[in-house]
């Protein structure tokens, strides 16, 4: 197996076209923290499947146009080459492209919008990295959330860009379930898998399996954390009495999945204490997701991955305490 | 008098149970910046009185459960021991517990929610301390505000948690007083005292007197600042034409009281210039409180102490200018 | 020409009254980054014209009262003398005064409010400078936006202060143009010029020409950048299908004009790459302006220059990448 990646790397070294493909695939892989072109390729296959199956091929193309535009923009700006090669200037743009093509009606202006959003996401990423490194923090998907929120809000002010599939604006009202909803085994599995695929704004079981495969080829523990995070999120949301459609559609689980992968495997060394800490963060991300859904109701825009960014930053900033504990445990 | 505290301290040194009680009482005292278990005990008595008198004993228990859970969580995370002993990891959780038990209907999930909120408040505190120390700033009650806002917003998305006593969502509309309201001596005294007791979400004159006693046993100047801040806040709110019920219920005064204590005594050395500076901050906190009340109207959640946090951070961050002035005055 | 400024400076050196006038004029000039009393005098003339022509002389007086109050407050706080002399503690207060007198009904409390806002804007400026210098960032008009938002929101809670000309609160709804609106040459010129005069909340062609003159006397490139930014903003807003009245009234252009001047001339050395970078920022500020207009709809307050602050901070924070590119280009 190891020979395939190394053959790919030597091919990239000899071809600027392949290097460009490699950077973009890594950019797609970085949506779930995987600096691996094969992960990116599997993620891309998942999105291709999900987009065509749902009859919205423009979502796939939106993502592709955006990630390519971002890579070009990042080269023009000459950002830090190591970060660029690792795909760190691509994943936010890729998500911007997917989100715009999902929430805005197709038309020429959509593509202008996607390229504008991708270019600005590179600037936003560079700015976020600059500020976040003050406390040794990663940028996460903050640039995606910020840029996409602005672009989506602005569609309400522009006749040229019609929002589709955007939530309707309303005054906040308590949710009351009409009857106790049961979550049987089939729905539970569906809810868990869609929680993973919704990281890329897709509601597809097959896409979810491809995403898990993309994680596993680079990091088995990341795949396990994603699955565990999804299960914790579904159970939490169900016990707190969340709307069934949100739970089974994976719409309360995608931010927690990212939190679980980030806190459980990427930025902390896996272990029992870290697992407990990541589980707390994952549970609280479900609360934060519900909170953002409510808070954004009057603005008629989706929460995207803002709950993940907020909770994960909070739990990473508090890490020194956790590390001290871990060091102490290691000594004991 | 001095022998009682020192006897208490020697008792604590010999008993881990008493040490645990001591940390939790200091945590309650730190809500108003008092690192003193006697202050905490008097504050607790005030809340006990206010909760039982109002027929909501669960508010007292909510606070107690949360502060104990937070102390346990802080020990598990092994946060900075000196800060932990001074109660700095307890006061935000105590407020989270009081607020949840005040605004969410009783039931088993309320207690799950209170413990979750308490545990996350420790993480939020640790994160806030980490960021705020960049500019030598205290965390204040920011962790309480952030965690409670998310938990309360999320209740609108969960059928298992019903908000009670939460404000109703509405579109922003100007307040028009139907007639000039007079603020006679009795109402003025009530408004002033309730402004103090509302720091702990309680509307009780007796509780207010116990809070003042709790301040005075540790810092007479803090008690004076709290009283002066409440008076300034009531006068300001009345002159600007605020709703009478808000003024006499102390609901526009609790954030200004905290600002007055913080700027006037805790973080600056008391004096004439500092008093003028704190008074400006106190007046502006009344404006900020009204502004947050309006801004949160569409979201149907209370402002909590966010106006205090915002204004006090602003006035503390600008302190170098004030200090320079003070130094200059000293030289002159 | 050079002798007039130097004669003014020697007059100022000999008279504390003239020094006070000088500081206040520079404060007005700094709204558009010009540390020059003549620029400030021309800007003031523009506002005087605009205010009297529109029958709202209180707007001029609001600005004047605020800038003078801020200078007095800054002296009392003994802020950094060099920044004070350069007018950096005046421009936010000047805008606070203009905005309050524009959006709040005249009356005795308006003047109390303007002086309070001016004094607090100095504190907010000092705090913002303290935080922003961590990343070598300028404060821009953030203090103005923050303080004015709080003061305007609070008017909805105070019967003594009636908002006038404030937008009405509403639920967010998509804008649909009833028919394709043509933007003929006359309207295009009007839209461009009003985009410049709206930086000071004025919709007047003559005022716009005076503002351009005020820029040109200190920096020809700033005047060109303002004009180019206005043109880019009008074209962008029109192509995206923005509401005609907003475009021709300059209400989507004033933030982009500030972005263009800031990114194109003040904080970067003018050049081709910088012009492209500033153009991208200018285009995105149009999107951000529309987004803020939508986001603030439920709160019934104007966006002010928040879009300029957000986008310009973002593009300045990402500057290291641009600088690296420029350095590289210089080497090549």
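For clarity, chains are labelled A, B and C in written order, and residue numbers in each chain start from 1.
Operating definition for what follows: contacts are C-beta pairs under 8 Å (C-beta built on N, C-alpha and C of every residue); 3 or more make two chains touch, one makes a residue touch a chain.
Everything quoted here is computed from the prediction, not taken from an experiment.
When the CA atoms of chain B are superposed on chain C, the rotation angle comes to 120 degrees, reported as a multiple of 5. Although chain A and chain C carry the same sequence, what matters here is overlap: shared residue numbers make up under half of all numbers found at their interface. The geometric centre of chain A is 36 Å away from that of chain C, both derived from CA atoms.
Across the assembly, chain B contributes residues 134, 171, 298 that each touch 2 or more other chains. In the complex of the two chains, the chain B residues touching chain A come out as 76-80, 109, 116, 119-120, 122-128, 130-131, 134, 149-163, 169-171, 298-300. Across the complex, chain B meets chain C through its residues 134-135, 171-177, 239-243, 246, 280-281, 283-284, 287-288, 290-295, 298, 313-318, 320-322, 324-325, 328.
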